[in-house]
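Notes follow the structure.
Letters are used for the chains, namely A, B, C, D and E, taken in the order the chains are written, and counting of residues starts over at 1 for each.
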Amino acid sequence: MLLSLDKVTTYYGQMRILEGISLQVGEGELVCLLGGNASGKSTTLKTVLGVVTPRSGRVLLDDKDVTGWPVPQRIARGIAIVPENRRLFGQMTVRENLEMGAVLRHREKLDDDFDRVHALFPRLLERRNQLAGTLSGGEQQMVAMGRALMSRPRLLLMDEPSMGLSPALVQQNFQIISEVHQSGVAVLVVEQNAAMALSIADRGYVLSTGEIVLTGSAAELLRSEDLKRAYLGR
Amino acid sequence: GSSSPSGSAAAKSCTTTIGMEGPLTGPVASLGQEQLHFAELAVANDNKANHTKISLVQGDTQLNPADATTVTKEFVSNSKMVAVVGPAGSQEVEAVGPLFARAGMAFISGSATDPSLTTSGKNPTFFRTVSNDNVQGPQDAHYIINTLKPKALMIVDDEESYSTDLVSIMIPIFKAAGIKVDHESVSQSVTDFSSLVAKITPAETVVVLPWQIAANAQQFGRDMAQEHKKAVIFGTDGLYSPGTFEIAGSYVSSFGPDIHTIPADASLVAQAQAKYGSFGTFGPPVYAATHVVDEAIAAVCKGGHAPTRANVLAAIKKTNESTSILGKPISFTAHGDPKNGQFFLFKINSKGTYNNIPY
Amino acid sequence: MSQLATDEPAPVAPAGPQVGADEWVARQAQRREYLPSWLGGTERLVEKVGWWPRLGLAAAAGLVLPLLHVGQFQLQVGIDSLVLALLALGLNVTVGWAGLLDLGYVAFFGFGAYGFALVSSDQLSAQGVHWPAYFSIPVVVVATGLLGLLVGLPSRRLSGDYLAIITLFFGEAFYEITNTVASSKLGGEDGIVGIDPIRGFGVQLLSTEQYYYLMVIFVVGAMIVLRLLEFSRTGRSWRAIRDDPLAASAMTISVDKVKLMAFAFGAMVAGLAGTEFAAQQVSIAPTDFTTQYLIMIYACLILGGAGSIGGAVAGALVLNVVLDGILRNPTYTGYLFYGLIVIALLVKLRPWRRLALVAGSTIVFGYALHAIAAAISHSWVSGSLQSGGWIASALRGWVIVPASATGPGDWGFVLLICMLIALAQVHGRTRTLLLVPTIYLAAFTWETLLGTPTNASITRYIIIAVVLIVMMIARPQGLLGTRRVEVPT
Amino acid sequence: MTAPSQPASPPQEGQQPLLALDKLSLGFGGLRALADLDLQVRDREIVSMIGPNGAGKSTVFNVITGIYRPTAGDVRFAGGSIVGRPPHIIARHGIARTFQSLRLFMNMSVLENVLAATYGSTRASPVESVLRLPRHRREERQNRVLAHDILAFFGQRLAGYRWDQPAYSLSYANRRRLEIARALATKPKLLLLDEPAAGMNPTETHEITELIGRLRDELDLTILVIEHDMHVVAGCSDRVLALDHGVKIAEGGFDTVASHPAVVEAYLGRDPEALAAEPGGPGGSPTQGGTKDR
Amino acid sequence: MSFFLQELVNGVTTGALYALIALGFSMVYGVLKLLNFAHGDLYMVGGYIGFFIIRWFGGAAKLFIPVPLLVTIMFVAAAVVVGGLGVAMERFAYRPLRNAPRIAPLITAIGISFFLENAALLLFGAQYRVYNTPDFISYSSGIQIGSVSIDSVQIMVLVMGLFIMIGLQQLINRTKLGKQMRAVAADREAAEMFGINVNFTIAAVFFLGSALAGVAGVMAGLLFNTVYNTIGFLAGLKAFTAAVVGGIGSIPGAMLGGLMIGIAESFITGYISSIYVDLIVFGILIVVMLVRPTGLLGRAQLQKV
């Protein structure tokens, strides 16, 4: 398994957010993580990345226990993230933001990667010297995606990557995710648009108040009455 | 020590406490710590000599009237305390005088020189071991006018009470003598004088620095040398600091001679240096003040009385020391000023030594 | 708009976890913000008593205090603390609520004091100006408020730390003007002396007790006024511009006006504090209104919890009582020092058996070291302990005090700091192990350096510094403050 | 296909529009964010603004609410020009908005967020407040009723027991709702909603769509919405305006605009039929039954 | 004219020193948005370190090592020790407050400042410690242009100040560490998510900033000869002012702000009067701030709504 969480429990200060989560992502798999507001989806991704450390349970990368590892070491093993709310470096240019994506790749030529990102998002080439903070919401989302791709990850974590994007871009975004996935990258994606996400995913998990309440293949989940009742309506 | 019967009897009865107020921390801690050290020294020495058991309690005022008030209230409400050495600043004395008066408690400052402290009548229990500015200011001004004969001069105060009071006394005298005066002002925390020094004109052959921090004056002198200014520095009390202020050709007027050079003080100087390192001019007057208090207490005890505030106050009023650490007799006027406030004038030679010259 | 009231059923809390519901998180947050164990219990208990009864209790306690046979000095500390509390309350409006970093605040205090002094002394003319207090205080307070408006004007263009520097300039300028520039009018370094007491209608306040009561009344009054303001239109607008000025302006709040009001209001409270200060002190000088004192006011407010009325007062009382009431007395300082070590161990070391282990090892360690040192040279242990009473008897034979303590004490102090920093780095067993020599070293440093009478005044500040640092680490939101989130801009 | 509640029609001649943008232009450095934009919004109309990312939609809101100042052109509201007025004055004229990147008063409670927005419609001075004079008491009473009414709009989502919780403890979706509530508390005539459904799941999105309709029906509001979710746009708008590069590229009913070649090309990326039919939304998706089931 | 030039030289020298202190202050601010009021006290520690090194090598008049070596040792030691102190301070006192309200670290800074000032008083005493620079670097070793004299210490301060500023500017714009610093400044959590070692970066910033303060302390000792335990307060205030006036967080801004204040002080002292110097300088600065609310070289906080 590329990534597996083993009974992970995470707190923010005194507040328990995740409760015994177990989850797997295989090499080259596209897994989607669903759940209502504040169910702990973003927290799960942060736990994988190591921004927050679980109080109990283990995080395994390539079957190696990385629970106590700092973020840079995990990233060096090939993780990248498209964070919630984009989190760009507002006072830096678009170009510099993209560079930061590859900050751990020492002394490598980045030209190819820039070309690849610019091919995906031509707007970023056009705006490469604009300060990221002045971009429109959707443009920022493009930078966030591009930044994550710059590090040539093996596992890409995406937290609501299509939030605030125009329909065309949402389409394109899902297409990009599919392409990235097809190129052999494993993807763990959090999405509000469950149906759309499941339509490209291999498998899915449903989180509710910090616990995994449903899991299965994408097709199963799409058919699941539980999901319809619990997640898509109430 | 000796163990004469009278001595041990006195020690038994003569257990009491005195206070010490000064800026022990904060921006002018250098001044207050030196005062503290000399007060401690005096108490230790006098206890040994007089077989008394006086203990010293310190109160940090940071040269701040409000803090001085708080400390004074603490001291006044401490029933064991009979007299206080300090506080250091004139504005502090102003604030705490009435409190001491109400408590009938004597307090002796070793550095507050504002003339009005003794003349206003608001501080009946106040004494000081330093002469006030009304003596020093005119004396220095006339010396400068008559002997150094400048056409113009620069006078720089350090924004502290002592300094500005002195300056405001001197300036009219210079003006009356037809001397052009350039009045400047730098705070004690400034250590860069190059811009000020650049301002000295060739006509200004004298620079008057009524400062308290000798190291600053030394730097001033160095900045003058660096910018090739030839004026003569005339400093007062605080600049009296052999080893720190040693700009050749400068004059320093001081309320006392250098205790380093008084043969009688040699052992004391050695003692202080061993214990606290080098020192300047703020310590000795406080030593003298503490000594006055110690002696008064001892006298009360010797007379068979209890060292109460009233008794000690009365004894301090009667102080009549034929000699002191300051190299001159100490006794007080009815207002609490030292009698026959005498000043000494020194000229620094090229080796940095201070030579006493007549006014 | 009341026709909008829909006939939705009363909200019901859902049972059990539910997909898409975030109720439990909010609840959880509420339940878990309490401190663990008895501390949390106390907190909850205090919360059960409402705000107004709590104020009533505190005020009653304050008024009763002088009856309990306290000395002039204790009352003076009380007055000083209450003046600080009043200042912290005013600052709470500008900084705690409106979020305007006003570093010139102490000048408003000074302005109030000088204003009162000028019209209540012989400073202005030969016979002097002697207005009665019921006239002079309102005039001075309003004048300070106007000055606040003036100083606040740049806040319309400047934000955050840029505003801080302008106000800092203003504070320094005030000092310069009173101390140097306008020294002939304002008395220069010597300030103004012979200020009238508070008087009017044939009454004069002369004694410390009277001023103490007056200050209690002012502080309680200010707390009431601020509480009434906090949840009014004005108070809400202050807190709104702190969180997000841009959103506030889009929500009909005139940001500039509200900022100016916050400035003016804070200034008026400071001005009021100034008048009381001047009347009570009888004389004032520029050095009473320096940046050092400003720092003190800020420390009170933040220690207590910025944004909290009770916190501002509590911070001032705690800080000033510790600083003036306790740390001015070397004996108390010693108790405080050893007491803090013991409390820190009690709070931090769990389970108890670890505590027992550390305590036991420390004792053994000390006696062993003492024996070794004594065997090598008598002069190593022949110094005298600084602590008195039972502490001394407990420490004798345990802690080394060399005959000449200064040098070793200095090195001990430096080493102690290094050890403390090291303690912050290590965890688990190493930390427990390191605790033993650290505790011993602390005692050694105290007995040879910090506890000596010569250093009492310096130690006082060192302790207060450590208390400030540790308090902020332990409770960043302040004693009575609530957790807040900063909205990144 | 979801039908708009009123037939789309261009603003009629003679009837004065509530809001009129007249040749509005704005540049940032070399970038032209808005270019000669015209728009008229009638009373009680719901107009949606769509357009690719960076088209200038949020910028239009910022100009209307006085946060940005246009380089040329005019904004008229209820007959008078409001260009150059400070934001709080414009808000007091009756224009309220939400922000694309949420800007709540995070450390104030839910209720207080709403109450804070009544600043412009109340008058009590600090003195009146401290003395609890009648005006203060009356206004506070009215404010509370108002807040209650507004929050009731969101049903259980912002139910009473969480009114005293700080805004930061709310989930993302609830923060969006609170922003709308806060905007309503300024008693606006015109409400500007910037992506109200972003970050919400299909159910919640549907709720928001309904809410927008109810706001118009029950409060007589005129509403301008920016939204990328076609379900919302289709579900609530009387009229749709499509922007690209700060220029209007199409205007009219949803169907007209959505099938406009320029819009399809620049924005939708494909056929609107397929869009509305895609799974996950209330518009004919397999989950539709679920969403209606309340 | 020569008077003008002399005052200019004096002002530039003092200004360079202010700038150096402001640089460190501004760096820390830039990354953590923290007003580190303890910065001035680090400068004080630097001053003391220089003093004790002179003493260890025989004292000003009787040095037993060559002067360039001594000066190098002074700078290196002050940079390393004070830098280390800054790192320790960050680790121990500031790190626990990373996620606290912005006003909380202000009190920690005040606490640290109290602590350093009084620990210095305790350990080094209250006396003014004097470097006696002219005893080992003579005034005549400088250059003399007409009647304007620039001594070698002044030249050293100016040259070093210039090099340090250029170096820092390069570091921040060109190197990886610099980029990481800017990223951490922009969004700490996001920076962490991309593998930037945030703790290391912040520690590095504290080290550099504090080391600059240490170096400035030695320079001040060489220039003005005197160190004592409270010199940090005024220096910190000047640094804060210089940093803000220049545009807080901006390296060239801090330099410009420092120079401006130094030169203004010098000219006001020279042409008007030292009595009004602070007031007039404040006046000028207020006008500058009102004309450019974000400081001379500060970039306006962009507000994309």
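One rule holds for everything that comes next: a contact is a pair of C-beta atoms (placed from the backbone, for glycine too) under 8 Å apart; a residue touches a chain by one contact, two chains touch by 3 or more.
Model, not experiment: these values are computed from the prediction.
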item	value
Chain hops separating subunit D from subunit B, counting only touching neighbours	2
Required minimum of steps from subunit A to subunit E, each step between chains that touch	1
Distance-maximising chain from subunit A - centres being C-alpha averages	B
Between C-E and B-C, the pair joined by more C-beta contacts	C-E
Euclidean distance of C-alpha centroids - subunit A vs subunit C, Å	45
Whole-Å gap between the CA centroids of subunit A and subunit D	30
Whole-Å gap separating subunit B and subunit E, where each centre is the average of the chain's CA atoms	35
Multi-partner residues of subunit A (each touching 2 or more other chains)	36-38, 134-135, 231, 234
Contacts with two or more other chains, residues of subunit D listed in rising order	58, 67, 99-101, 103, 171, 174, 201, 203
Multi-chain contact residues (two or more partners), subunit C	20, 22, 25, 29, 180, 246, 458, 461, 484
Residues of subunit C touching subunit E in the complex	95, 101, 154, 157-159, 161-162, 164-166, 168-169, 172-173, 176-177, 180-181, 246, 291, 295, 298-299, 302-303, 306, 410, 413-414, 417, 420-421, 424-425, 449-450, 455, 458-459, 461-462, 464-469, 472-473, 476-478, 484, 486, 488-489
Footprint of subunit C on subunit E - complex, ascending	29, 35, 88, 91-93, 96-97, 100-108, 110-115, 117-119, 121-123, 187, 233, 237, 240-241, 244-245, 248, 275-276, 278-279, 282, 285-286, 289-290, 293-295, 301, 303, 305
For the subunit B and subunit E complex, residues of the former touching the latter	25-27, 29-34, 156, 183-186, 189-192, 194-196, 198-199, 213-216, 218-219, 222, 225-228, 244, 276-279
For the subunit D and subunit A complex, residues of the former touching the latter	28, 50-55, 58, 100-101, 171-174, 195, 198-204, 228, 230, 266-270, 275, 278-280, 285-287, 290-294
Subunit C to subunit D touching residues, read off their complex	1-2, 4-6, 8, 10-13, 20, 22-23, 25-26, 29-30, 225, 228-229, 232-237, 239-240, 242-244, 246-255, 261, 265, 484-485, 487
